[in-house]
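Consider the two complexes below, in which chain A is the common component and chain B and chain C are the respective partners.
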Partner chain A sequence: MNRLALTSTPWIKNLLTSRWPQFIVRTITLAGFLLTILAGLFGSRVGSHNFAIIFVWIAWWSLLKLVFIPAGGRSWCSICPIPMPGEWLQNGGLLGPGGRPLGLGKRWPRKLNNTWLQSAVFLGMGIFSAVILTQPRISGWALLGLFIAAITLSLVFERRSFCRYLCPIGGFTGLYAQLSPVEIRAVDPVVCAGHTEKTCYTGSAQGYGCPWGNFPAALSQDSNCGLCMECLRTCPHDNLAFNLRPYGSEISAKTPLKLDETFLALVMLGSALVYTAVYMGSWGWLKNAAYHVGTLPWLAYALAFLAITLVVVPGLFFGAVWLGKKMSAAREPLKKLAGLYGSGLLPLGMATWVAFTVSFAFAKISYILPVLSDPFGWGWDLFGTASTNLSLVDLWLSPIAQVGVLAGGLLWSSRLVMRLARDRRQALPVLAFALAHAAGMMWLLVG
Partner chain B sequence: MRKELIAAILLIGLVLGVALAPVIGRRLVRTDVIEIHARTPENGGWSTMNLEAKVGEPLHLRLTSDDVVHGFALGQTNEPMLEILPGEFVETSLTFDRPGTYTFYCTRWCGVNHWRMRGTIQVSGPEGTPEKSAAPLYVRLGLDLDVAHPEFEAPGLRPSVSRGRALGIEIPEQFAAPAYLREHSPLDLFGELKGLPLGEQLTDQQVWDLVALAWAATVTPQELADGRELYAENCAACHGESGKGDGVMADNLAPDGSDSGMDDHSLPTALAGSPPDDSFGHSITAPSDFTDYQMMLAHNSAALQGKILRGGMGTGMPYWGSIFTEEQTWELVGVLWGFVMEE
Partner chain C sequence: MQSTKLSLLLFSLIAAVIAFAPAPVSLVRPAERYFRIEASTFAFSPQTIQVNPGDHVTIDLVAQDYVHGLRIDEYEVEVTADPGQTARLSFTAGRPGAFHFRCTVACGAMHPFMVGKLKVGPNWLFWRGLGLGLVAILSGLWWARK
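Then we have the complex of A and B:
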């Protein structure tokens, strides 16, 4: 099966299932998150001197896109501070079952049991992104808003509803997690079948039922697994393992994306194009339009952004799939084929965001040490790094890395699409779509 | 339960520590230092616009910018200008030896309303008395700075000092006196010279060249050099390097489709068309064109200085009386004449 069960190594298993390491990391990230909100709301108004802007939109975003997602799928979700207080309240404790749970514990509405809301929140934040990413006050309020929403939802709905259905980051993280080299899977399905209590879902004295609402014993996709390790704790038969696996091994013709996921994947491709044009392009008028929220140019920008992400890119993709269907006379419905090829485009989507992130991560990394010493931009020098100008990576490497990553993503997606296609002619228009997207990104980034 | 307690203590400790950090940090800041944030006027200008100080006691300031690059300087003093970079802090200490009201201002063109970034420092103390400056010349002469002037036949060529000198004619003493040249316009002198016998033998252009020769004596090369520096720093953004009113900020000041509003040849109070406003509800108008003979040659130096001191009164032209010393205003007047008279 090409899997390496990391939990078969005792110290790794102990590290993953013990509550203290995870709790300490979560507490630290929570403290960092609170510092971020405070810095955003009360610190310097100058983004380059404010912890909220530099740590969230440069350091954390770069780590998420360059490390957490490619190397660990939803690994960030396991230590994300945003849902933590809500989850602790929901559980009535910090370190495991035994406390008095708080909240209504309602089920999430069935009609919203998809990623449409996540797409909407991502796009909603996208049209305000120029001010959220640069103005500490607005960034602070936006993060505080997410924090309050997460706590509120935890008190109303069961499990991590916010993470699964609303978090704007969670949507695409889940999509790209399907490519990741880690997974939690049942070791022997027969053992699970014979286990009547299903404690991995219902919980036990050792741990909570899956906070993400999965049935871990039957898990076959990583998109909604938050790698919280609760199921490893609750399984009395030690029948769940944390595995290393080959990249992209989860993608198959048997697990096409659903329509909402396909749309989210396309929204991510379209958003990357718009963000790259706005933030990396040389069009001052476009930056101005994106920045001046409430003005007529901004309205035009917002409408164009929504049109590109919701109409143009999805339209081109569905058109390509339709053309492929016609060329091959396939019998599968268009929706199914779109889901199939949508999953094939995930590597290109991830590569697109990695390339976009590289474009500013290399250049802005030098801002990180100064704001560590002076998080509020008040002229402090806590660790003596306030005046450092550390540049770890030569900037000339950036375009080379971007082209390399995009080319790699295109190649990977192309191979995947060809593998998923029942008929090679069917795949050609989708390959053309992928090529056009990659070429567009390259032109915007290094052209 | 014990583990839960330890975890709760750890969590609360970290969260409280973070929450208290800014409060404690704020308290550690020196209390004798006044922190001033600079923002473009549209975003609030100086965070503190009125300061107080005592004679002989240093006033410690800590300056930072919340948006773009600003500058800090104290009017009518020799204090060096400070550059204020976004997010960076710069400190300065000012000590005053005389009571009075001092103006501090932004020295960098931070936006269309840059000139509004001014504040005052009220200095009190027993030692000395506020220096009383004499009324400016235009006040003493009773000039109306906003009066329109009749049209006249402008010179065909830019009046030239060198051509005037080449005529080899000595300008009568009463017209070469500094007081006369400050209180009279080039047009006045042109009329006087034309009325003399020598004027009858010269063409109009030659008389204008003689006028330029007379005006060249009103400013020394050093004063002109200093004046040009002041002009570049303070005036060129609106009036342009060449004085044509085409500085980088001019587009933001001109009413759409209007000219500079100089049709009636008064100094630039007159407006043409509907004036735009400056985000503060005040009307503004396009900057003056100092190369316009009709506007410039009918005015005297006292009026030009008065305009600099007083400002444009409703045109967007700031008042500089509290910023420039009297010597500096005369240096600037010398620069302005250079736009209609050439060496």
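Then we have the complex of A and C:
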């Protein structure tokens, strides 16, 4: 597959390897994040008038799902403010090596070296999502909790353990990053093989060893590459490149998803269905059940949410894979086939979340400018936009875009599944599963 | 190579027909339609109303607990009702499809998600979407044959 090495252009390389641009952007996002926590904890209790709710769950979420992940995989992770203070403490400095590191630097437990925890945290937040997404105080506490967890983990464990193993956003971002059009790869593996110091992993005076715990010289998957560019700084031979590549080119039969990743992919499909039903559906009783935490209807909602995401959707998928295995008399174990077809369904998963995001982003975009001028909902008008009612996109376009994105995701997935399949019969039940999921999403969104 | 290009063209053509072919004109004569919609925190009841294209629709919105509003996407018509009061909204359903109607007055935490649905005639967008999905699957299968 063809690659375009962006780092072969000097000014792009300088932009990526210089610490200042990234530092400035991260400082801005950190300031925004702290403002978000303050607005959540001390601002208006009305969600639509509070920066914390509007900026995180509408503006940032939409940017993440519509821009960062589809265009740059884990690009958000490279400027995410949540792990920053912990990372600074861990490194003992803000702008490069030389400081006195803090923390215990323990290795992350081997048994937790997977995405199960990320699935669990994502599901946990899902169960409480109706209050997290709508109540500024709860939202503020949830974000503060993530912030404290990230700092604590940085002081106990080495590298960005929080991002890699706990962050609920990092899990699915990494999953869909495998489809992204960017990558960091070694230019010439022979040069890496002859480089005994392996500074891309261990670090040097120019930069830190890979904060994500990867060995960049042998990187072949993007799921755990945070695009921090440290390896570009530490490689003395200029042998690492930031490439543009064709979408989905990383997915191959040689690298099926592991069981935990397959489950995360299915959790994401199931969660999208539930979220769409709760937030975009017209069932008031379901919204009330999701919102009134601690009541019997909420308990029923939480159990149904877990049943759909952990039992029904994975059950149907594994059933489809099993049926395909029987139909084709394949010899591969079910787990391996599930991982193979799980990676084939990643485009549909990403399209599902893009469609869900489009469904509310177009309608709620008008909330953004007013909270910029009045982040706490205290009646300020800092930039003269507090009373603005700006609608950038006509609402008629939204359902058409949702259907188009879902159909496109299905097309991409069906071609990928067929590319990965040993024979057509084996893939048929998986394609039926994909069609059923897309049809379900379409029915919930525009039906 | 030639057959690949031809089949790509064929699938694109089928997809274009499904996506853009004009919907059949409704032969049902427009009528007067009346609905009473009760609004209480985060829910409209009935949650979905169905009419035919061209129908003249009258909606009485009854706010059961707090002040609630009702605004229909793309029709850009709205009404607000005080608690225990009824407010009336009339319009002609000239645009076919499925449209959300939303509460327009902040009535609680889940207010932004308080929606109902107005269906005007058959929901062609949904059926076109399903058709495109089917074409997507079939094209994947065909591609694998190569």
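Things worth noting here:
In this text, the second predicted complex is superposed on the first by the 446 of 447 C-alpha atoms of A that agree within 3 Å, B and C clash if a C-alpha of one lies under 4 Å from a C-alpha of the other, contacts with A are read in each partner's own complex, and residues count from 1 in each chain.
Everything below uses one rule, namely that contacts are C-beta pairs under 8 Å (C-beta built on N, C-alpha and C of every residue); 3 or more make two chains touch, one makes a residue touch a chain.
Predicted model only: the values in this text are computed from it and were never measured.
Using the contact criterion defined above for the overlaid structures, shared-chain residue A:L94 touches chain B, although it does not reach chain C. In the overlay built on the shared chain, the residue A:F23 is in contact with chain B alone; chain C does not reach it. More chain A residues lie in contact with C than with the other chain of the pair chain B and chain C. Legend: residue contacts after superposition of the two complexes on their common chain; A:W380 is shown touching chain B, with no touch to chain C.
Applying the stated contact rule after C-alpha superposition, one finds that A:K287 touches chain C and leaves chain B untouched.
With both structures placed on the common chain, the touch criterion links A:L34 to chain B but leaves chain C unconnected. Of the two partner chains placed by the overlay, neither chain B nor chain C lies in contact with A:W11. In the superposition on chain A, A:V46 makes contact with both chain B and chain C.
Comparing the two complexes, residues 46, 48 of chain A contact chain B in one case and chain C in the other. Within the complex, the chain C residues that touch chain A are 40-45, 47-48, 73-74, 97-98, 100, 102, 106, 109-117, 123, 125-126, 128-130, 132-137, 139-141, 143-145.
Residues 1, 3-4, 7-8, 10-11, 14-15, 17-19, 21-22, 25-26, 29, 37, 39, 62, 64-67, 86-89 of chain B are the ones that touch chain A when the two sit in their complex. Of all residues in chain A, only 23-24, 27-28, 30-32, 34-35, 38-39, 42-46, 48-50, 93-95, 98-99, 375-380 touch chain B in the complex they form. Touching chain C in their complex are the following residues of chain A: 46-48, 130-131, 134-135, 278-285, 287-288, 291, 363-364, 395-396, 399-400, 403, 406-408, 410-411, 413-415, 417-419, 421, 424, 427, 431, 434-435, 438-439, 442-443, 446-447.
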